[in-house]
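Below, each structure is written out as structure tokens.
One chain, chain A, links the two complexes that follow: it is found with chain B in the first and with chain C in the second.
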Partner chain A sequence: MEQPVLAIRDLSIDFTTPRGQVHALRHVSLSVPRNKIVGIVGESGCGKSTLISAALGLLASNGTVRTGQALFEGRDVLKMTEPELRAIRGERISMVFQDPMTSLNPVLSVSQLMSDIQYRHRERSADEKRRRAIEMLRQVGIPDPEERIDHYPFQFSGGMRQRIAIAMALLTNPSLLIADEPTTALDVTLEAQIIHLLREIHGSFEASILFVSHNLGLIAELCDDVVVMYAGEVVEQGTVRDLFHRPAHPYTQALLECDPARIAKATRDLPTIPGEVPNLVQLPPGCVFQPRCAKAFAPCTKAPPPTVPVEGGPPTDLPVAERHAARCYLVGNHGAAA
Partner chain B sequence: MSAQPSDAGSAAPAVPFLQRFPGIARFLTDPLGMLGLTLVLVMVLAAGFADLIAPYAPSAIDVKARLASPSWDHLLGTDQLGRDVFSRVLFGGQIALQVAFICIGTSLVIGVALGMLAGYGPRWLDNALILIFDAVRSFPTIMFALAVVTLVGPSLETIILIIIVIQIPGYARIVRTQTQSLKTNEFILAERSLGAGMGRVLTVHVLPNVIGPLLILGSMDVPVVVTIEAGLSFLGLGVRPPTPSWGSILNDGYAFIRNTPWLVVAGGVPLIITTLGFTFLGETLRDIFDPRLRKTT
Partner chain C sequence: MAPLLEVSDLVVRFRTMGMVKALVRGVRDPYLDAVLNVSFRQEQGETFGLVGESGSGKTTLGRAIIGLVRASKGSIRFGGQELTRLSNRAYKRYRRDIAMMFQDPVASLSPRLTVRSLLMEPFRIHGMTDRDLTAEARRLLNMVGLNDSFFGRFPHEMSGGQARRVGVARALSLSPKLIIADEPTAGLDVSVQGEILNLMGRLQKELGLSYLIITHNLPVVRHVSDRLAIMYLGRFVEQGRTEEIFRHPLHPYTKALISAVPEPDPDKRRDIVKLEGEVPSLANRPTGCEFHTRCPFAQARCRSEAPAPRELEAGRIVRCHFPLARPTADAA
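Coming up: the complex of A and B.
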């Protein structure tokens, strides 16, 4: 099988805080295959952002890696020195942020921002850098880029700024583009445009995309594979088709039920998942979702369930993305036993 | 700006010079800015061309014309040694502006560098630098100057050194605070995720964000520095006689204030003009160079 662009293996990360050790990520494994779009869904605080900052080697200084690896093109990002990391960031991995209003330096013009980001290419003249920047702006759909490139970020609308941020991320032709909720700060029509743009980019730049969102509809529309995260763990992963048609984990099922777009009957009471995300300092002894799970039964409170393939077979700690797997006693062989 | 051919076929209309540089246009239409610029230009030109303008050498003594009233021979009269006050004011301005520009330029550069290091660098460095800044700032200016002058002896270089040391913490603290608040900004994270290292983040992204407020502060500090220099010279701790300084002119005139008040006026008015000019200029520059305050063109 072809080596995935990004492979996260059994990654656990703790943060040291005054309240104690926060176990932000626990034994997370996922892979982003070449030329695929992988979506990560989960509530706020489930470890999505920790995961992507770890993948970029931008972990906050109070974070420590307990176990695992983050292999980018076969090399462990977590063991790289700062110069090695910088050689990868922006060159091989790029990132698009949530809020385009704050992710562009307000005092530099787009031309300055985009030329500066090409600083590694000393052989390019200023004109050459500018020409490339204009070309990239044209590709992300900025009208009249020759004129607009000399404008400042505040002279663009939110959607246009996000396009500029995407253009900046693509300037160096990365093999992995990480998009951290790139449409959350935009309104719905722009959201659709940006998703469309990401699809186009995926086609023309041959970049894999790791798309983080809490919007299930977007994930279904854009992604090939989905990873569902809950309280710092991967609870289920699989292809979009598997996950949306045959959700195996009770959390995924509950998430899908709560998606307003999927509710058939008009109601004022939107369904919710009762309870709240567990305290990541003091974790429940069994399954992390057990306190909120409607289907919890005896084994759930005793020990954390293993990750098992939904179709049956032996438990697996390193699920392959193409394989539909979930971390629950109700799934696979366990389900049969119960 | 760009030399690209317009592919739409519509040749770009010749944009008037001023419209292409809206900053200059705005400056020209701002009365306070123009007043400030005029005052500053008058001071700078008068000081710069003092050699050509001054009718007498600043230390030339004419004993027969001691404490003369203003006349066509001596525009601002003469002092107790018969020196032409107008010439002394001009050369005093030369010293004052020289001191101001050297001090502010040097302390801005050092202050910005230290401030960005403290704001962006590791915590221990921040703590150490802040401790030093606070220690320096806690010295009363005059006492500090007295101590240094006592140790080193009064001279122009001593004054410059003292003022630089006094000015650095102010700039550094502002830059540090700005850097700290910028550091958590998403665009800094975005730049880092695109591969920018500490040097690039600081010079390309932090510096342009902090330099606007600093330029205005630097400009508004010119009168402060001029006043410190004048104050030290007034106390006899600064420029050595017979080199003229506004402070020593004031000091000379002070003894004769009842009979010949123009001596004090001649030393004081340039200080006022300098203060007003650089303050107005600084504020207008701030409005123009800070894009966050800039209106959409």
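Coming up: the complex of A and C.
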């Protein structure tokens, strides 16, 4: 099989805080294959942001890697030196942030912003950089880019600013684009336009996309593979169809049930997931979702379940997204035995 | 009986520059109309949803009703009483009956007050200190499903859902008849969102409350509101019963908004974007029908002549020359 662009293997990360060790990520494995769009979905505090920071080598200073690797094109990001990291950040891995207003420097014009990001290319003249920037703005759908490039970020609307952020991310020709909730700050009509744009550029730029969101509708719309995270663990992963049509983990099932967009008949009594996300300092002894799980039974409280393929077979630690797998005693061979 | 709330031909304008600057620049009309000729009625116990994109004027409308911004023209009648010409002092009496839940659950609570002080504050502001305020605060917390252990907490020590519950408790404190909820679930996780909406629904049943819900979240508003208005550039382009609007939208903008919501089903991916472009600036309103610049069905008449609001079905008011076809054939 072809080497994935990004492969996270058995990654565990702790943060040292005054309240103790926060086990933010535990044995997380996932992979972003070349030319695929992989979605990470999960609620606040599930570890999405920690995972992204780790992949970019941007872990906070109180974070420690307990186990595992984050392999970008085969090399472990977590073992790289600072100059090596600088060589890939923004160049080989680009990032589109949540809020397009605060992620663009307000005192620089778009032309300066977009020329500066090409600083590694000393062979390009200032005119050449500007020409490339204009061309990229055109590709992301900014009207009159020759004129608009001299404007400042505040002179653009939210949707246009996010297009500029995407144009900047693509200027360096990355092999991985990480989009962290890129449409949360936008209206629904603009959201649809940005998603459409992401799909288009994915077709024409040969970049893999790691798309982080809590919006199930966007994940269904855009992604090839989906990883569901809960309280610092990957609880289920598979193709987008596996996840939406045959969710295996009770958390994934509950999450889908809670989405008001999936409830066909109007109701005043919306489904919820009772309880709260567990304290990541003191985790429950068994399955991390067990305290909130409607289907929990005796084994769930004793030991954390292994990740098993949904179709049956031996437990797997392989970060293979093509294979539908879930971390639950009810799934696969366990389910048959129970 | 008079409706609980009746808004007619309401206009809220904001000055964009000072008098001198306008004179120097020769600007005759240095105003923006954030809300323009809005009319609707809301009955006791009803939930009315206000939907629109950023800048459509939905929050300004909510703030005008509770008197945080002044109405420039038109009328707001609450329980039969005209509110627009009241002085600030006289308005205060009606603010007990109308409560507001502001947008961001954590940021809308003062960071320097504990939950207990936050819950006692409305009583103090309205001079209702003749009672046991701690008992009142406890009663309110219990109503929203929190217990006394939250009394000493500050807003930053709570999750978004918990802070939102405190916001609901504060809104309930003076036993209002109407609660204006500005984006009650924005920023909350989907499982928590359901809890807050269910809580609001339960309180509505128990206390006979009315809600004016301001949101851009169409999947949510479909479940919780009885009637709905869609705003565009400060105007209502369509209003009617929620169920019917979702079943067959009559205004092209309504239809575009509904179809822009991504469906959580990978087999129903859309390949085309129904609505291109962005909302025009309020300072530069398009001529004729203000939606014509983005409307896929716009015709010559739409560019020159502004459509008047028409009641096409009972309670269904649409501002469009060429409303979309309906299953029943009585097209105007």
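We take it that the second predicted complex is superposed on the first by the 337 of 338 C-alpha atoms of A that agree within 3 Å, B and C clash if a C-alpha of one lies under 4 Å from a C-alpha of the other, contacts with A are read in each partner's own complex, and residues count from 1 in each chain.
Note that in this section a residue touches a chain if its C-beta (ideal position, glycine included) is under 8 Å from a C-beta of that chain, and two chains touch if they have at least 3 such contacts.
Not measured: the values here are computed from a predicted model.
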Chain C versus chain B on the shared chain A, clash or fit after superposition = fit
Once the structures are superposed on A, label A:C258 by its partner contacts, choosing first (chain B), second (chain C), both or neither.
-> second
Classify the contacts of A:L216 with the two partner chains as first (chain B alone), second (chain C alone), both, or neither.
-> second
Touching A:I117 in the superposition: chain B (first), chain C (second), both, neither?
-> first
State whether A:V281 touches chain B only (first), chain C only (second), both chains, or neither.
-> neither
Which partner does A:A169 reach: the first (chain B), the second (chain C), both, or neither?
-> first
Of the partners chain B and chain C, which touch A:D187 in the superposed model: first, second, both, neither?
-> second
Applying the touch criterion given at the start, work out whether A:A60 contacts chain B, chain C, both or neither, answering first, second, both or neither.
-> neither
Shortest C-alpha to C-alpha distance from chain B to chain C once the two structures are superposed, in angstrom?
-> 11
Chain A residues within the chain B interface of the complex | 56, 58, 82, 86-91, 93-95, 97-99, 102-108, 116-117, 119-120, 130, 146, 150, 152, 154-155, 165, 168-169, 172, 178
If you look only at chain C, which of its residues touch chain A in the complex?
-> 53-54, 159-160, 189-195, 197-198, 201, 216, 218-220, 222-224, 242-243, 256-257, 260-270, 273-276, 278-279
Once bound in the complex, which stretches of chain A touch chain C?
-> 43-44, 157-160, 187-193, 195-196, 214-221, 240-241, 244-245, 254-256, 258-263, 266-273, 276
In their shared complex, at which residues does chain B touch chain A?
-> 1-2, 4, 6, 185-187, 189-197, 200, 204-205, 208-209, 212, 291-292, 296
